[in-house]
Every structure is written in structure tokens, then in C-alpha cells.
């Protein structure tokens, strides 16, 4: 008798639990979506509170950061200023806790430099990587790239690329690239070479996708620029519109801007797109 | 009336993963009658504690039945009639004896006032009055044993089941518990206990069961034990020769080996004839004994026989 | 009911007189003290940091209580066979489980209320010192968050009772409870991480892993449900619905575990 009473209670409780379970998790979903970017304690305190488990805490925080960014992009919400601040702070703390952990640096490059257009912040974190992982040529290479590509600071870029080229395992052509940077910094071709190398060195999927897209855009730009050069050589002047290149047979087809913009010929003779190669406008 | 009945019970333990099963009790049957003191004796590992735990419902037998007052063990109410003292009771560290006894009383359905009176009485009886408000962690082993007895007796049960009630007690404590059990026996309570201390068992029990390797080897009443020695005189002698032993037995005496010599049992009416024979053969009498076979002798004899 | 209460009372007394309590109280006081000293290091959001640190200190001290004192309250009974003595009284196994849980509940609640009182005075002190930085702060939210820390400990105690009823080794019960806690705290992050990864299709995640995590999320409590630190720290509005939902989730989960524990316990033998 008592057995049946208890069994009944249990099945009832299980039923309630099953129903509550769905509601609670659903509720958590909304709560998480509305949650402001979490506050990150400065690493001086985090280190104390980690109770010796620095590695584990850094792993956990990393996971949390990934999930946070993923959640925002999944719900098609733009990252707010505060959100980027959180990502920057949290990546800083993670790399303070475990400065040899490669993944957060990669994330810093992908998110802060490419998504948020905060190359200085990315470089700040990456410099920690240069300091600790001083055998790893990728870190000075990334800083060099950011300085060249986003900051147009060719001098700094050249210095870091030279530094990277001296580290073991770095590709041969980094030496030429470093030298070339100082003279032809402004050319799309240089950027193209750079990007190809970046793509070869990255296995972070988020960053890879961005790089591939940008590479495609740049290849288009380079193609047009090369056609322009040929046009200029033959005719001694620039075309009125870019469409003339196709009409005159210098280009078979006009390459597509993967970001969805229109190609524009600038006064300087360089080619640019109305999309400004910015992903946010095209969405993903 | 039969209080506790154990019928063809067997129990095998699984001591843990990848270990061989241990057979603790095998085909055990016995009865404890109302108002009697029944003692279970046996060497270590004979299955005494297991038997008691099965009677308490803490362990379930694999086969067989255990009846309390003719009914199967079920529910909890039967335990209101039982007071149980486990082997080497461990009591709560930070509680006082007072609080522990209060708990015992409340769970047995007693009123607060009743508990207080009864606890006072028991605590005084077992000389724990000075310490009853101290945490139990400060108690010595003997004090804990006595506190455990208070715990078992608080609700004035009609049946007592005690696992090694005398262990850890000093002579004074043992006397205290001994007198208490005698008094409970006089009050008509049924007492079922197991012990190593055969002297106590011999003096307390109406009936004794000898357990060895999970089986009840022998069961005898105190009268049977007394009868063995009734109407006989016991004389210690040197080692006797075979001819001498034959002669003594022809004259009505009995002989057994005893502590580096022989012990001769002489019926009182044959005393003179045997005495004459001793005189003639020059057999020295080293001393007298009061019993032919003590419980201890019997115990050792039976256990050794089983081992063979 | 009288029986359960009597057992709960001695369990509570046994716990509350444990010396380890002083250690935990000392640690908590140290953390509160640290909070007062450290508060000035922050330039803005002092209120937020204070609430964070206080709730963390309470939660941490409470966990220590459950894991080091609470586990022993039931585990030692079985370890040291005191349970044979207790069960010799007219007390069913189910009553034993509920009585023990109730006792641990009393113990944890009283200790936590004391800690919360200490903590409240700490917050009050910091608030007096830096009044300008406590704009969104309300004690009401702070206490709600504190109460849910307590609820989390109740759930953990139920988990502990459940594991204690399965094994006769209190260390094993401790390890199982501790692991459940670690998983319970992070399960939500893992589940949502998998969801975003799956949606992104960027990495290959095996289906079996996803379903495994899904099943685990049913068996173990999602302890993030009881975390209202962010709301308390920033003074964000809390819906009553969410409070009731979280409360119900915790209570139902604990009740299920206790029912299971009493089932298991009824079948157990005590050698």
C-alpha cells in the first residue's frame, strides 16, 4: 500500500518535472538572450578566485565567451558596444589566466580585428601572445597583418613581419613580404598575398570564412586593377567607367563583390567597392 | 509463547566487486521463548551478529523466515517492542546523552515528561548522571557501551536484543550490566544476546545456542549444563596408565584428560571404593574441581571437533 | 511526522555543533572583509562588484558546508553504523531519509541565514562608504539572490542524500555530489554552446554527443537557473514568473531525488 503511494508520488513528481523542464530551459533561453554582457572581474581577482585552477577557469571563460558571441549572432542581434567591451575584457582575462592558450588569441583576431574593427584591441591581446609564445611566428604575423590591413601602419607592419620571418617554421616569402611592405604598402596585390598566407595559417572556422570572402573580394579588385593597368598602358588614360574595361575586352566579366557592393573607380586609380568590404551590410 | 523464531535461514554476503561471496549463516533455526534469556555463543565469524541483524530487519535473509511473535517482520511497529544494542555502538559525536535519549523516546512515541523521568532513572542506574549533558564524543568506550544500553532500554521494551553487551566494559561496568540484565529477567523480559564472554553467558542464560560456521551446532539449557556435574566429585590426578583407567571405569568412575594430567569423576556413592583403589595404586590426588566440563571446555571441544 | 522531526532535530544539532562551522564562518568573514578593502579599487560599479563578491562568498561558504559537514551528517551514519542504532527504533527507512534531509535543510538554512546577515551588514557598510555608486541596488533583489543560493544548496543536499543512499562510503558520495555540482553549474553553457555550434554548422559535432548532453541535462539540475547574481548586481527587474519557475524547478527536482533515495534505501541492507 505504502509502496503504491510512494510510486504514485514519484510518477507525479516526474511528470511535473518533465513539463517544468521544458519551460525552465525555454525561460533560460530568453534570459540569456536579454542578459547584458557579463561583467568580467579583472584578472588580478580572477586569478585569486580560480583557487589554483587557472587553466580550467580560462577554458570555462573561453567557452562562455564563445557561447555569448554565438548566441548573439544566432539571434541576428548586433553586438553592442558593451558586448565588444565584454569580449575584449574576457579575452584579456583568459589570456592572463593562461597566456599560452592559443584559441583565445585566434578568437581575438577573428572577432576584435575583423568583426568589431577594433584592431588595436586585438593587437593588445596578441602582443601578450608574442611575449609568451615567443617561438610562434603566427602572433607577430597577425599583428603585422592588422597593422597593415586595418591600421595602414606599414612601418609597424613591416617590423612585425620581419620579426615573424625570423621565427622557426615561418614561410620563406615572409622575408620578401616584409621588405615589399615598406615600398608597395598601398597595393591590393600586397594585401592579396597577405590574405592568402593568413588563410593558409588559420583553422578557426569563423575567421576562415571571413578571410575567404575577403580574399575573393580582393582577387576581384586585383583583377580589375590589373586590367586597369593594361588599359592605361595601351591607351595612356583611365577609362570613364569600370564597365568600359569589359566593353573594350580588357576584362571578360566584371568580378563579383562577395559583399554585394558595386565597384567604384577612385581618382587615385585604385578600385574600391561601395560595400567597403563590410560584412554587416550583407549579413550572413 | 515464542518471541523470536528463526527458521531455516541462510545468508550470503557479497563483500564487494570481484570478491568471493561469504556465507555468513547457513540453515539456521532456533527459537527464543518469552521471558527467557537466550544466549548465542560462537567463535568470531560464526554469524552471530548477522543473525541478530536479520532479526532486527537490518539485513534480509536469502532464504528462510524470521518471525517475531508469530508474524513476519514488516513495517516498523514491531520494533516498539524491541530494544537493540548493536556491537560497539557509535553514537553521534556532538550530541549529549540527554538529547540522544530524547530522540529515542520521541521516535518510540513517548511523551516528553515520561522520557525525562525514564532517562533520569536509567542514567542513574548505569552511573552516567555526571556526564549526561556532555557531548558523546568525550565518552570512553565503556561509557559509550552503557549509553547504548540506556538508548536500547529507554522505551521499556519487552524484548531485548543485545550484541556483545559486555564488550569494552570494566569489571565494575560489567557487574552493573549483569545486575541490570538479571533484574530485567526477573521482570519477565525476553532477552536474546550474543557474547564471547562465556562466564557471563553461563550465569545469565536459561538456554544457550552454540553457533559455528553459520550453523547451530548445539543447543542446551542451563539445567543440562548443571546436570553434567550433578552428584559427582572431581579429582585431579597425574597422567594415568591405560590399565588404571580401565580399573577406574570398572569401579564406576569416568576419566578425561585435563591440563597435563587426568580428571576423574566419582559418583558420591562410589567414593570409598575408588578412594581405596587410589590408595592401593599410589595414585596422587592433586586437587579437587567443581565441574566436569565448563562451558568453555565444551565450546573448545565442539569447535575443534568441527574443524576436524 | 513526530519521528521525522525528532530525527531532523538531532541531525541539525549534530551539524550545527561541528567545529568545521567556525572555519567556514571565518573564511566567509575574511571574504567579506576582503570585499570592503577591495571595493575602493574599482572606479565605477562598486555596487555591482560588492554584490558579486558577497553572493559568491555566501555561495562558496554554503558549498563548503554542504560538502564537508552535510555529507557527513548522513554518510557517517552509514559509515560508522550508527544507522543500525537509529533504525532499531520504530522508524521506517523512508522516514529516515526525509528526517535526515530535513535536518540537513535546517542546518544549511540556519547557517546560510547567518551568513546572509553578515553579508547584508557588509553591503550596508560599503553602501555607506560609496553611496554614489549604488544607484540600481536594492536589498530586496540581493536577498532574493541570496535565497536562491540557499535553494541551490537544498538541491545539492538532496543530491547528496541520493548518493549517500546508494553507497555506504561517504567519500564516494562526496565525490559524486561534487561532480554533479560541477556538471550542474556548467551544463547550460555546454548545451547552448552546442546549439550555436550546430546552427553555425562550422564544426562537425557528432549527433551522439548532442543527444548525450541532452540526456545529461535531464538528469542533472541546471544550477544556472538559481543564479540571480547578475540581476541583483545590476538591479535588473525580475519577473515573478521566473522566480516561481526557478523555485518550482528546484523543489520538484529535490523531491524526485528524495523519493528515489527512499526507494533505494528501503531495499538496502546494513551490515
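As written, the chains take the letters A, B and C, and residue 1 is the first residue of each chain.
Quick note on the criterion: a contact is a pair of C-beta atoms (placed from the backbone, for glycine too) under 8 Å apart; a residue touches a chain by one contact, two chains touch by 3 or more.
As the structure is a computational prediction, the values presented were derived from the model and not from experiment.
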| item | value |
| --- | --- |
| Set of chains whose contacts include both chain C and chain A | none |
| Chain ID, smallest distance between chain and overall C-alpha centroids | C |
| Taking each chain's C-alpha mean as its centre, the one farthest from chain C | B |
| Intercentroid distance (Cα basis), chain C paired with chain A, Å | 39 |
| Gap in Å, rounded to a whole number, between the CA centres of chain B and chain A | 83 |
| Separation of chain B from chain C, taking each centre as the mean of its C-alpha atoms, in whole Å | 49 |
| Contact footprint of chain A on chain C as seen in their complex | 38, 45, 48-49, 52, 56, 94, 186, 188-193, 195-197, 199-200, 202-203, 217-218, 222, 224-225, 230, 233-234, 236, 242, 245-246, 248-249, 252-253, 255-256, 259-260, 262-263 |
| Residues of chain A that touch chain C when the two form their complex | 2, 6, 9-10, 13-14, 16-17, 20-21, 23-25, 27-29, 31-32, 35-36, 38-39, 41, 45, 49, 60, 63-64, 66-67, 70-71, 73-74, 205-206, 209 |
| Contact set on chain C toward chain B in their complex | 2-3, 5-7, 9-10, 13-14, 17-18, 80-82, 84-85, 87-92, 95, 269-271 |
| For the chain B and chain C complex, residues of the former touching the latter | 13, 50, 53, 56-60, 75-77, 79-80, 82-84, 86, 89-95, 99-100, 102-104, 106-109, 135, 148, 151-152, 155 |
